[in-house]
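Got a structure for you, written out below as structure tokens; questions coming shortly.
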């Protein structure tokens, strides 16, 4: 019981962080059709900016300023780079973001060095929030959940209660239609890209000190956010939310499984030959690759994703 | 007596809750030129999509030359000798005119997925593609990428790809849409020429073309065939006049 | 390498066209990642070698009057590129190479060097390994042309298990590691050795996780906690280690972590306060081992290269031992140097280093230390500016880390 | 029109290229250079196989290294299986084994991946690539763990026509033969019904279905064949380096081949060849010259995406057309005039980047190098002088480039319109 509750809490925290990252990507992917390979780079930039700002004026202003700066950088990149690449089609766009991810990492190396920076959790949030069955739950994780849920609500309000939000929603499912109705689609694209990257930046601000702020952090989450978007389904923020939590929980719970592949097959009545390496693998070992298995399975059997509105 | 080229029985298509095709029964005889007309939104293009398996059928049966084809994939239907064109030009944009046509003849000549034969050595494919190119009047554009052809030329290529395979049942979806009068005349002549001895079904808005080409006409209104008959009979059919001709035929003719 | 862009360009061009150049000094090619994700490790190593060569050899008269020089070759961490860079080094007249990062690259290099020497017996090359710890390199795959100056995984585990043997507070051990050769080896040796030395210790769990893929270790920690382990054994390095320690602290796990790699290259900084009194490491040296010269050397180094902390004493050992071998042999021929290195006993600041002849594995004193608050006395120096430093718990003489080898060496 | 696969002009071109690659090691004798050439040869095959998917069938794959890597591993295991008593002839044929392994991998994995095209295919290939790469680390029995699998390509007592494959030059010869055969085969494939239908499927999958082709089958076959050639490249890698490690089949390798192919140009058969050669040179030669190479590489790549999305091959193709139309002479002075300010701009930028690297990530006296030498001039980076100079150079270059570049653009557009005017 203790284990289940703690795992659930951990899974949800991780899932919410994933959602912060993937919500922006879903918006960008669905509206602009761009597989933004640099999305995780903005997450990294968020963490580094927050670190830099926190050394100057503290963590709290950084929490606000860093995502805005990241968003501004994102919007500028859309305006002066991506928009140009857009003319040459989706492959060019994708490769642009591919190259961008590369460049961002190198620039981070150059400015902040190649090892982790000392980006710490602020003292106010350092400590134990509550102790459950003698396992402590840190305040900071609670704070992360708070921020994610707050962001989720804000995003929901923005999308359902404002004009621009309604246009974005419409554009998610029917991008051509919105253009046909005479909206300034390039400007909306710029806003969405800026907004999406700002969300990634915010995830970086609160994820950077919870985990480690170092130049490899973008690559570490780079592909998992794609998994979330694909599993959740194109054009569906709700899907991304469900997929984030699902993947968060799958990863936490599968670690708890000590079953091996042999055991799994034994459950369905197939006995595998002893001793092969495959047979000895445990679910725990497989935990971090399970999302990819899930993604491939989803793409094969339900290409539109869990809650997707369209296929491509 | 041989089975009809196409036989539709109780054919239905729903998009969500809305019924677009609401029970079509129609036989297309072999060798006839059959036109399907009807007001916008009547479901003419949808009917074509169902026959050619671009869209899945909701209910009912379609037989192609006596063989049930519901549930087959588009390429399987194409291999059974049905070929269609599209209302919105649907060609291979980066390939040249000649390559477009050669692609269209390869399967029917039995080259399938061959990667052991040189294209250049396939004399029959070349000759057939060139013959079609001649017929649709694009010989001098042979090596031009299809994407940069003029609109009328692309429409001609569209028909060329459709007939190139030598299919004996041909579906043309608004072959003359958007053409000028002289272009239309040329197109009609060409269609007449290339569908000689074949079964032709076409959707067309230009009543001049319809009444000039068709042996029989079916009128589709709100997903149902309200009449099928020879052109002259259709012209006098009261139901047709009420539902369709009375309102829009004149304006269609005028445009 | 202070040479200019243009100089390097012309050098590269000339090498491409004519190949080779005469050696005016003793040159060692340093083949390690100097760009990309692992560049920090490679960069720190290269600076260490340059500094050691300068202070420990060149300022003391050099090698038979010649200067010892290290030149960096960027293998980008790739085994394939390692071989290309080896060829580049050979072209430029290098007869000695050193590499430390990545067993993949080390295997690739040892293979390439063996083959090169077999195919070009008049232009042999010698490989000094300063950090690749796969035991096979001095066992099944041992080579006359390879010398290892770092203790291998198995020896390190021997030292750790000896320590565990005496510590009766250890009752339940959990093993967690990265799912690749190194992690597998650590797990295997832990189980074997503990079974021999302390039958009462229970292995309460064993987990392998894909390398560099886990963002949140909380579930693993939850599992460790549920198992009731008081001790965790891990071969993890880099972020996989820092994140593990951080997650343990978050969940209030009170177990001790025995590690291989907590001491350097950014890990202390990344784990910070989370590691206090919980993380132990095994190394050949740390800042708070009282020494005559090394302490000052390290301080000077840290001052000179802000942001990089001196970590590898074995780099100094290697530089001094190689220089000594060359001076003894009065030759810079790889074969003569190799013969002189064999069975060498060298007194460094911490004790005796012995290069065993049978497998070319260096035996050296090792230390087990714990991450504690710097207090200016026993923990005189902190690590990487964190306010925490390493406190020695036990020292192991080189004799106590020796293990038999299965090496059957082909000697030229 | 050309009805033969090798009309005289093409025969001359291919023969000339073959002669050139055979002659190269006679000029570049150093071991490094020969190793570099070997790597290029392998990458050419790999990139061409990738373009069978991307350029010819329109399939963007993020997991092509899987076929390359599996080909390499199987080749290496086969080499070790043959053992000491084999003959050099067998060794020379091993890349074929790699090819078959790649083909088999294509048959199995392709069945899953090619069900869909477009984004779905891209994402499935990414997922499968990650899975296979993860497996490579989990199964050290087959993949050799971190150390990889190694072998010795010199086996047998006798040589084969004097070849033992020991010396690098002989290996180069073997690579040239295989690379040439593979290139010819891949080119020939573009001239077959399947090759052409792959283009059709790329352009318009729907229409391809309506002319009787199962697009899924076309994609599947193309992926299998592409896997075959990638496997050959993998087999050559195994023989060349005599070691195969798990990173042969990871995402990084897949990314590199994508970059090579794109930079070279996906619209032309020879594009990937140019890309493979250029990127290999950049990685290894420029990588050896400056630590900023990754930055240069990233900037170059972004520049290509934004300015020449058709790749280098498309730039060459346009020049060729201009040449054929007799317009190249008109453009040449413009090119030369533009080159000048561009060089100034580049000099300024390179100066800034190199100084930045020296200051921030230098490996000289200290991590914060304050003195560096560029162009044999000692620069003091803690003073504003060098920075201002570099900045001014870059600014001047930029201004001049914009000014002269604008005029060149006018001339360029004029030439292009003449060119297209001639055609229509």
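A, B, C and D are the chain letters, set down in written order, and residue numbers restart from 1 in every chain.
Methods note: a contact is a pair of C-beta atoms (placed from the backbone, for glycine too) under 8 Å apart; a residue touches a chain by one contact, two chains touch by 3 or more.
Quick caveat, the model's predicted, so the values are computed rather than measured.
K.L.:
Tell me which chains count as touching both subunit A and subunit C.
P.N.:
D
K.L.:
Farthest chain from subunit D, comparing Cα centres?
P.N.:
B
K.L.:
Tell me the chain pair with the top count of C-beta pairs in contact.
P.N.:
Greatest number of C-beta pairs in contact occurs for C-D.
K.L.:
Per the centroid of Cα atoms for each chain, what is the distance between subunit B and subunit D, given in Å?
P.N.:
Centre separation, subunit B to subunit D: 45 Å.
K.L.:
Would you kindly tell me how far, in whole Å, the mean C-alpha position of subunit D lies from that of subunit A?
P.N.:
One centre to the other, that is 31 Å.
K.L.:
Can you give the whole-Å distance between the Cα centres of subunit C and subunit D?
P.N.:
Using C-alpha averages as centres, the distance is 35 Å.
K.L.:
Once you find the CA centre of subunit B and the CA centre of subunit C, what distance in Å lies between them?
P.N.:
About 74 Å separates the centre of subunit B from that of subunit C.
K.L.:
For subunit A, write out the residues touching at least two other chains, lowest number first.
P.N.:
109, 113-114, 285, 288-289
K.L.:
Which residue numbers or ranges of subunit D touch two or more of the other chains?
P.N.:
134, 138, 294, 361
K.L.:
What residues in subunit B touch two or more of the other chains?
P.N.:
In subunit B, no residue touches at least two other chains, as defined above.
K.L.:
With touch defined as at the top, which chains are paired up in contact here?
P.N.:
Touching chain pairs, listed by label, are A-C, A-D, B-D, C-D.
K.L.:
Which part of subunit C faces subunit D closely enough to touch in the complex?
P.N.:
Those in contact with subunit D are residues 1-9, 12, 15-20, 34-36, 43, 46-47, 72-74, 76, 78-81, 83-84, 87-88, 90-91, 102-104, 106-108, 111-112, 115, 119, 134, 136, 141, 179-182, 184, 210-211, 213, 304-308.
K.L.:
Quick check: in the complex, which residue numbers of subunit D touch subunit B?
P.N.:
1-5, 188-189, 191-197, 199-200, 202-204, 206-215, 217-218, 221, 225
K.L.:
Please output the residues of subunit C touching subunit A within their complex, sorted ascending.
P.N.:
It comes out as residues 37, 39-40, 43, 179, 207-210, 212-216, 218-220, 222-223, 225-226, 239, 242-243, 246, 250-252, 265-266, 269-270, 272, 307, 385-386.
K.L.:
Under the definition above, what is the set of subunit B residues touching subunit D in their complex?
P.N.:
Checking each residue of subunit B against subunit D gives 52, 54, 73-75, 78-79, 83-84, 86, 90-95, 99, 102-104, 106-108, 111-122, 143, 161, 164-165.
K.L.:
Spell out the part of subunit A that touches subunit C in their complex, as residue ranges.
P.N.:
2-3, 6-7, 10-11, 13-14, 109, 113-118, 120, 128, 131, 134-138, 140-141, 211-212, 214-216, 219-221, 224, 251-253, 255-256, 284-285, 287-289
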